């Protein structure tokens, strides 16, 4: 018996038990310092198998002795047999992982949770609104759409960062800026000498383009951003059931048991991290 | 992993925490010595080293005159750890912060001798930046080893911010309040594995408070269920938390 | 289901023979309280216990449980079930075990729990002494105890042993059992029904109306602040609860600094750090920052959040939280009855 979640099983007393806490080893193919505090890893399973996952799903990433943390996948399953994650140094586990380099291993469980509902997004106008590190999990969807562009209608992307030094995925940004496949708009809260683009909060980007009321909107960013973005979407007349949010919570187990990410009757790790806004807007403690 | 250079220093204290470490047991202690090199340790040796990876400072900061020595340790140390209750919170020494005549009571005719002069008993962090603390009177040797282990790996040590009640319940101890006694485990920082209540002794909060102690509820429970007088209930936690209480001076 | 009867004078020998050949965990005295512990002598088994400090779920889900052992980058799981008999479990704890069984099984099967659970034979027993905070007579009465292998009821002249599963049936050979009769069954039923009426505390409303009203009171800030005014955020109510199953996971190295363990520990949503996350540079965000938020979360979780999954409230009325709370504010009957009386 082996399980999809971990593909691991153990044999005790002649009986096999799947163990949802046993991770798989993943090798670091590439490690880039994305910003001062964020590191971008391209990984491959140590057995070189392709990992099956959906855009928006999460992994539990760990180093033995240091612990485990939940991280959103930052690349699309349409790409090779590698996958990307971006880790911000915030605590003991992230600090330890962010010291790793090419050729080192980390350990993963997953993919876990409920990602973006692709069938509901296909053949629709799409707007992705990503604030700060919120670009990482949404990049899994952005890449997916770019790779299967014909399956989607108009595709717009808003990206806001604190300042130019906080921008990530520079190669992607360069591509998106020059691409006709995506209407890409970016802003920084605070510019610097070399920044020629828009300065202001992410909602200022709504003036730059026309968003159709039937657009499917995906939002990921700091909690404070949601309120203001929703206000703008209300003005346009986007239905709340067409808005999807990618939430972040403290998680320990990633499999709907430990209780840390529970908001009301939902577990972010199994019912999310992607939720329809209509499902959670009245859920206290969600936003 | 190269051995970490570790040093121990003592200020106003009984040095019991250093003694407690030597109680860890030969085998375990020697295994630890495969990973650390003790370069300064008054209880056991007398050499001096110029630089330390980890400096453990025992005892509270009670004299302005000690500031220079503390600053010197800080300069030479990668990580500074307040070691034991006196260093971490001021500990039992801080009781005197609320007293005027303690010197006469303790030293009697010698009370005016210059080497006994001291000011308020404060945690080491009142003088220099302290990175982490090993709480407790005495500190818990198992927790000490875990903290050292985490530091050896560059991991921020895991130090509980939940109360002793959690550990006490996990150990299935009979609650002191169910034995017609009192206890302060509800507000005391865990990490000791609830040793005292496990032995049938009330928790005195020697590891200090959790970050958000409910002091008024403590007083109420000490009076109503612990049968302490109002005055005793009010002052009860001061033994180890004089500097942490909302009325600290 | 087969009924067996054993005379009072033969019961001791049954227990003796059972503990002599199997690992038996049962209620045992600890000072003037009781705990589930290994029974080695028949006289240690205290079926007259009122309730235990910790619920019996600790036998499947220990307070500290190894999940993964590692040495460098090599690692193994730690599932290692041991056959045992959990003897003398009261019906409310049977209900709670059935709930944790479901919760550890749903969506992602957690064999760290389930393997221990499956290796265990549960012999339930009737409540002989009602604890002073019990309210199992009035909570979630629509949820019936199930999942146990046998049910033992102390009758006037002996014990009725209802073997429910093969595992339960397998223990009959250890004692001098006769066939139980209909009159034994009737006597047992009366005894088990009578105890429900002896609870010193009770909920005054039904599951559904409680769930609705409590859920609707979410935003009544003042209610929760008043209820949690004396809360220590100590987590005792969580730790002693038979239906709480939250845990924290921590890694530690052994003394050799290369090998070590990833373990889970019972956690408590009442504690300050439970929903706190790091944002970097020392900044944190806490989704349930105030003790009133956390107090509310617990009541919601017991009275409404899990009802759909469990078919009733995630509370079995054992009263352990009421006894464990030194500030005496955790008692679900008091909190819920008060909410129900709000206009």
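All chains are identified by letter, namely A, B and C, in their written order; residue positions are counted from 1 within each chain.
Criterion: contacts are C-beta pairs under 8 Å (C-beta built on N, C-alpha and C of every residue); 3 or more make two chains touch, one makes a residue touch a chain.
Computed from a predicted structure; not experimentally measured.
Asks: B-C versus A-B: which has more C-beta pairs touching?
Replies: B-C
Asks: Computing the C-alpha centre of each chain, which chain sits at the greatest distance from subunit B?
Replies: Between subunit B and every other chain, the largest centroid distance is to A.
Asks: How far is the middle of subunit B from the middle of subunit C, if each middle is the mean of its Cα atoms, in Å?
Replies: 36
Asks: In angstrom, rounded to a whole number, how far apart do the mean CA points of subunit A and subunit B lie?
Replies: Computed from C-alpha means, the inter-chain centre distance equals 43 Å.
Asks: Which residues does subunit A have that touch at least 2 chains other than itself?
Replies: Residues 65-66, 91 of subunit A each touch two or more of the other chains.
Asks: At least two other chains touched by the same residue of subunit C: list those residues.
Replies: 250, 252-253, in rising order.
Asks: At least two partner chains per residue is the criterion; list those residues in subunit B.
Replies: Only 153, 158 qualify.
Asks: What does subunit B use to touch subunit C in their complex?
Replies: Checking each residue of subunit B against subunit C gives 1, 28, 31-32, 34-35, 145-146, 149, 152-153, 158, 161-163, 165-166, 169-175, 177-179, 183, 185-187, 210-214, 216-218, 220-221, 225.
Asks: Once bound in the complex, which stretches of subunit A touch subunit B?
Replies: 65-66, 91-92, 95-96, 99
Asks: If we count contacts the way the header does, which residues on subunit C are in touch with subunit A in the complex?
Replies: Per the touch definition, subunit C meets subunit A at residues 67-68, 70, 72-73, 75-77, 79-81, 103-104, 106-112, 115, 218-219, 245-253, 260, 262, 264, 267, 269, 274-281, 285, 287-288, 293, 300-301, 304-306, 308.
Asks: Mind pulling up the subunit B residues that touch subunit A in the complex?
Replies: These residues of subunit B touch subunit A: 150, 153-156, 158.
Asks: Quick one: which bits of subunit C touch subunit B in the complex? Just the residue numbers, please.
Replies: The contact residues of subunit C facing subunit B are 30-33, 35, 53-54, 63-64, 229-236, 239-240, 250, 252-253, 255-257, 265-266, 268, 271-273, 291, 323-324, 326-328.
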